[in-house]
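Before I ask anything, here is the structure I am working with.
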Amino acid sequence: MKIHEHQAKTILREHGVPVPAGSSAASAAQARQAAETLGGERWVVKAQIHAGGRGKGGGIRRAASLAEVEQYAGQLLGSRLVTPQTGPQGQEVRQVLVEEGCDIAQELYCSLFIDRAAGQPALMLSPAGGMDIETVAADHPEKIFRTHVDVLLGLADFQVRGLVANLPVNAAVQRALAPLLQQLYGVFRAKDCSLLEVNPLILTPDDRPVVLDAKMQFDDNALFRHADVAALRDPAEEDPLEVEAAAYDLTYIKLSGNVGCIVNGAGLAMATMDVIKLGGGSPANFLDVGGAANADRVENAFRILMADPHVRAVLINVFGGILRCDVFAEGVLHAVSKVAVEVPVIVRIAGTNAEEGRRLFAESGLNFLVADDMADAAAKVSQVIHSPLPSPSLKGRGFMAQDEA
Amino acid sequence: MKIHEHQAKTILREHGVPVPAGSSAASAAQARQAAETLGGERWVVKAQIHAGGRGKGGGIRRAASLAEVEQYAGQLLGSRLVTPQTGPQGQEVRQVLVEEGCDIAQELYCSLFIDRAAGQPALMLSPAGGMDIETVAADHPEKIFRTHVDVLLGLADFQVRGLVANLPVNAAVQRALAPLLQQLYGVFRAKDCSLLEVNPLILTPDDRPVVLDAKMQFDDNALFRHADVAALRDPAEEDPLEVEAAAYDLTYIKLSGNVGCIVNGAGLAMATMDVIKLGGGSPANFLDVGGAANADRVENAFRILMADPHVRAVLINVFGGILRCDVFAEGVLHAVSKVAVEVPVIVRIAGTNAEEGRRLFAESGLNFLVADDMADAAAKVSQVIHSPLPSPSLKGRGFMAQDEA
Amino acid sequence: MSILVDENTRLLVQGMGREGRFHAEQAVDYGTRYVGGVNPGRGGGAALGRPLFNTVAGAVADTGADTSIIFVPAPFAADAICEAIDAGIGLVVCITDGIPVLDMVTVRRYMAGKDATLIGPNCPGVISPGKAKVGIMPGHIHQPGRVGVISRSGTLTYEAVAQLTARGIGQSTCVGIGGDPIGGLNFVQCLSLFEADADTDVIVLIGEIGGSAEEEAAAYIAEHVSRPVVGFIAGQSAPTGRRMGHAGAIIDGARGTAASKIAAMEENGLTVVRSPAGIGAAVADVLDGNT
Amino acid sequence: MSILVDENTRLLVQGMGREGRFHAEQAVDYGTRYVGGVNPGRGGGAALGRPLFNTVAGAVADTGADTSIIFVPAPFAADAICEAIDAGIGLVVCITDGIPVLDMVTVRRYMAGKDATLIGPNCPGVISPGKAKVGIMPGHIHQPGRVGVISRSGTLTYEAVAQLTARGIGQSTCVGIGGDPIGGLNFVQCLSLFEADADTDVIVLIGEIGGSAEEEAAAYIAEHVSRPVVGFIAGQSAPTGRRMGHAGAIIDGARGTAASKIAAMEENGLTVVRSPAGIGAAVADVLDGNT
């Protein structure tokens, strides 16, 4: 789960990490008021969207007067900000963060994440702050320093001491940075983060380190123990269909293709997308109905797929292990009796009681295209998609492509 | 370092551990006022001394009226409480703890300590609460349950679950006890305890666990990071000479014998006590002047030894390793010029520049009895102690036992 | 022979709820030697004719269990794994999915230097066909034989196994190592077990996008594995930056792509199958010496 | 031969303060191969003609140090030990005394499964006479030879060594394992090293009150040690319940008494010396075959 910069900074502030004073605003007037409350003579107005690269998209504006704060906030709010990470359609700005301006003597980079290969959290530090770290890693790997954290011992003094000794900063700054890194790790650990990135971590002219930007992502699986974090979810930043699917316990990811799919199991779901692609189609989604795959879930799955106007066909691919295929078939039949499915549906079921399941589909009176195996399913999808003739929808409209062939 | 029960309970309360409401009092009037503030109809007045076994010594009194609270507090305060742990001279009561009375359905025992052999903290739990646990361990070892704590992982859920499953209590009590044990371990760990003993840990008739008595001891070496704990030290409970010695960076333990000793190194100091004992004497103290053993320390060591009226002779036993014996000898000569040493002093020095050191003693004009080695030192101590004639003190009073022999 | 589990396995079920009971029953039906269950607070009872215990330590003492399968809910699963390891269980199979990543990081660190193997979490478990089933896979699709299967997936593994069995190709052991980013037994460790198994002739390795375990496996195979290995990678059509169901299945920037994994497999001499429909055929070809 | 340290030891000094520098100098004078020092924030400088580093990892990379001796103040000493181990130092000798017990418990747990040996803390260190001195003991009282010495004490060990040397009896290695309740190398582990050393003929074991390490050592000796062992226990006249200087030297109830330890030693065939003045004579007797 992602949160906004201002939310991340609030969490960090609560844990004693130095961040600039600031508050969020949803209107230009609120933004002006926030700046007034902060006082001072310079402010920064920052668009709050979940995607990064906001600076390049014009989402971070420096203001030298309250009028400018109001003006920039007004321009940003309601606009669609396009950054390297949003895609061309951009992301709507619903909030801005108004912060005191900071003098910057030096920009550093710092991030904490889970290193899968090492099976441990990793801390990455670089003197090349304020830049895209992937570029730094590619062009100047010698400017990136990292250490792994023994999750039981914690981030040891000697580790941060060793890391900061690599930076081109004086001993006093090193002594100030070391405990800050341990505080950041403390937050990372306490809040079950999957990512905590501070870019830039700045040094002020009087050698104080300040977290100028903060990106936090959380382990969804750990949200059960962090009600405070879960409450920070902003559904407006997420795809509405995915939000709906999650409410139905479906793992759904919207893609840009035209063949919807309903599969049990994540690996098989990916493989099914692959098979669609190999057959010349293009998957409209990833959808795992899970091990249960009962009638309710299948019904909701169809509902979500049908809400995507690009879907021209649906492929159901289910391997009945513990799940019995006949029970699953009954669930599908029940589901399609309640949802208007107006595209062709290819069904491939295998495993426990598959024969019985296929019989149920065949005898349903509906135009299911029943496939023998995954290869056959791919062929049938290809046929439906590439046929010049209108394909038969489940409820009988159009022609039955199989009969035509 | 030991603290009083009421101090321990304050710490536990701050960490969310259920303890009875109560407060400490230094006078009968204060005690009555404390009871009044607590309210209720029954109170317990508990003598606050560092030694255990207070119940057996009459140090814990149940009061059914404010008048009784005042009366019992008056009786306890200023008295010398004798318990199985104080020795026959008892310990003066300077404070009492006044607590609300608790209904007790069941008494359990619980303690946390460092198990040296395992190199880990250990948690001990027993249904035989309110009794001397050493007796329980001897007579009913089957009633004692223990687990070791992986200090990096912490006291795991499965461990406390497994422990409490051994107790004759219902499932609801087990579920209440498990997190309490983890809280206690949390305090033990956070405060660098060497011992945290709750005896009894009671269950109320409505199945709530309450810490009815608490004994906490702390690792002296960790006090530097626990200023709050260090502030709880009660010097009135400690031997005044030992308190003074600690202020001088001397490790001094008062014993009941008649031969004082000044040694560098703890192991050698113990061995020196042994040698005195083997020679028929009896050590008056353990005293380690440490590796530095400079003139100041030696002077303070003599001052403390001379404050003990039982000391009839002093044995100095120093092995000069890094310490040079000639430098040490100069320190001793300087020290005895400032402290009135009116008993015989046997000196045994060995190691670096020992010859030179011996010469300094011999040429000092003082009656040092210089020994060749530890065996000789033991013999000289024996001679001095057992001689029917008065032994020569350092400054020349009495006869020189050696000349007489 | 086989790896990890066989007819001598003494299986304990941790978390004998509805799901645990169902799969214990399936395991018993398959012929697995199930010796008891653990349900804190239910100790003293019984399940499927074998005793229930409050603690794994108690169960091990009474039953001699050497293997456990965990169905404990995610918030408590890491504790259950540590309990099993602390009690001396040698093989712990954790079915539970949705365990927090840092819990698993902690478990892995806790296990360091201890003599125990963890499979999973978020996995179908392990089966040695005809000998023992310690998992939630459907037993009937398997057939005893000489092909070892390793996979990060559940149903996709069943698919692959079914393709083998449909061709009359049996399996020595099938191991689902799980779809989480941080788990126990990894591809390399599992490959070394198969390499040491005299009764495994061919290995099927089913990977997916995310992480670099497949690249490491491919490099290891080139160096240490004498058996032919058939590989498949799921997620060739997956987009970047999205978790494809499995917590571990995510392409992170340019890392973890199917293309990178397939290239590593090809470079290191594996037979790579592009279509998930072609796994069984590819193994048959290898066995026939057609590659 | 000898154990733990010898002429090939490459010594790093962690905590190059006044004390560290003094003892580094003494070690160099003794002929120990000192390769550098570590002082966070002082990296880039030099001490005694060898470079100073900010980190142990940096020092190991540059100097090939395999042994370190720690003089870091108590509040930071546990971190320094972990740093040394993390950097791959094989033998860490910690002189510092006054380290919190739970810090040492943590270090011990951290070391589990890692391939490193810790001596101390609160110890004089280790010396292989004529080869290397990694400690604060006075080198000149030692003499190369064939008696191994193990002790929980500092000056008492010097006393024992001086008694040996005075009789012309040299030492293979003398190890002060330290006086803290929780430390690194224990008696049993040290005994096993001496047992495996072809050039150690007799072992002197100097224990003290507190804990049960001497009892365990005695039992181990009966079982596994072929060399004659001469034992002494300090604290025969110590009272119960008081820490005799060393954090570990405390008789706790009926546990940890000198009587119990002496009895265990006698039962297990050690030559027990009652007077600390008699250690040298007892070893001479053993060497002469008089016992």
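In order of appearance the chains are A, B, C and D, and numbering begins at 1 in each one.
Quick note on the criterion: a residue touches a chain if its C-beta (ideal position, glycine included) is under 8 Å from a C-beta of that chain, and two chains touch if they have at least 3 such contacts.
Because the structure is a prediction, the values reported are computed rather than measured.
J.: Among the chains, which is located farthest from subunit D on the basis of C-alpha centroids?
T.: Result for max centroid distance from subunit D is chain A.
J.: When the contacting C-beta pairs are counted for B-C and for A-C, which pair yields the higher total?
T.: Top pair by contacting C-beta pairs is A-C.
J.: On a C-alpha centroid basis, what's the spacing between subunit B and subunit C, in Å?
T.: 56
J.: In whole angstrom, what separates the CA-based centres of subunit C and subunit D?
T.: 47
J.: Averaging over Cα atoms per chain, report the distance between subunit A and subunit C in Å.
T.: 28
J.: Mind checking the centre-to-centre distance between subunit A and subunit B? Centres are C-alpha means, answer in whole Å.
T.: 59
J.: Would you pick out the residues of subunit B that each touch at least 2 other chains?
T.: Those would be 150, 152-153.
J.: Any chance you could list the residues of subunit C touching two or more other chains?
T.: 106, 109-110
J.: Quick one: in the complex, what on subunit B touches subunit C?
T.: Touch residues, subunit B against subunit C: 150, 152-153, 156-159, 161-162, 165, 171, 174.
J.: For the complex, which residues does subunit D have touching subunit C?
T.: 112-114
J.: Quick one: which bits of subunit A touch subunit C in the complex? Just the residue numbers, please.
T.: Per the touch definition, subunit A meets subunit C at residues 114, 116-117, 119-121, 134, 150-152, 189, 192, 194, 219, 221-222, 224-225, 251, 253, 255, 263-278, 283, 286, 288, 291, 318-322, 350-352, 373-375, 378.
J.: Enumerate the contact residues on subunit D facing subunit A in the complex.
T.: The touching residues are 40-41, 43, 54-58, 76, 79-80, 82-83, 86, 106, 109-110.
J.: Contact residues on subunit C for subunit A in the complex?
T.: 22-23, 26, 74-75, 98-103, 105-106, 108-110, 124, 136-138, 140-141, 151-159, 162, 179, 181-182, 206, 208-213, 216, 232, 234-239, 242-249, 253, 274-278
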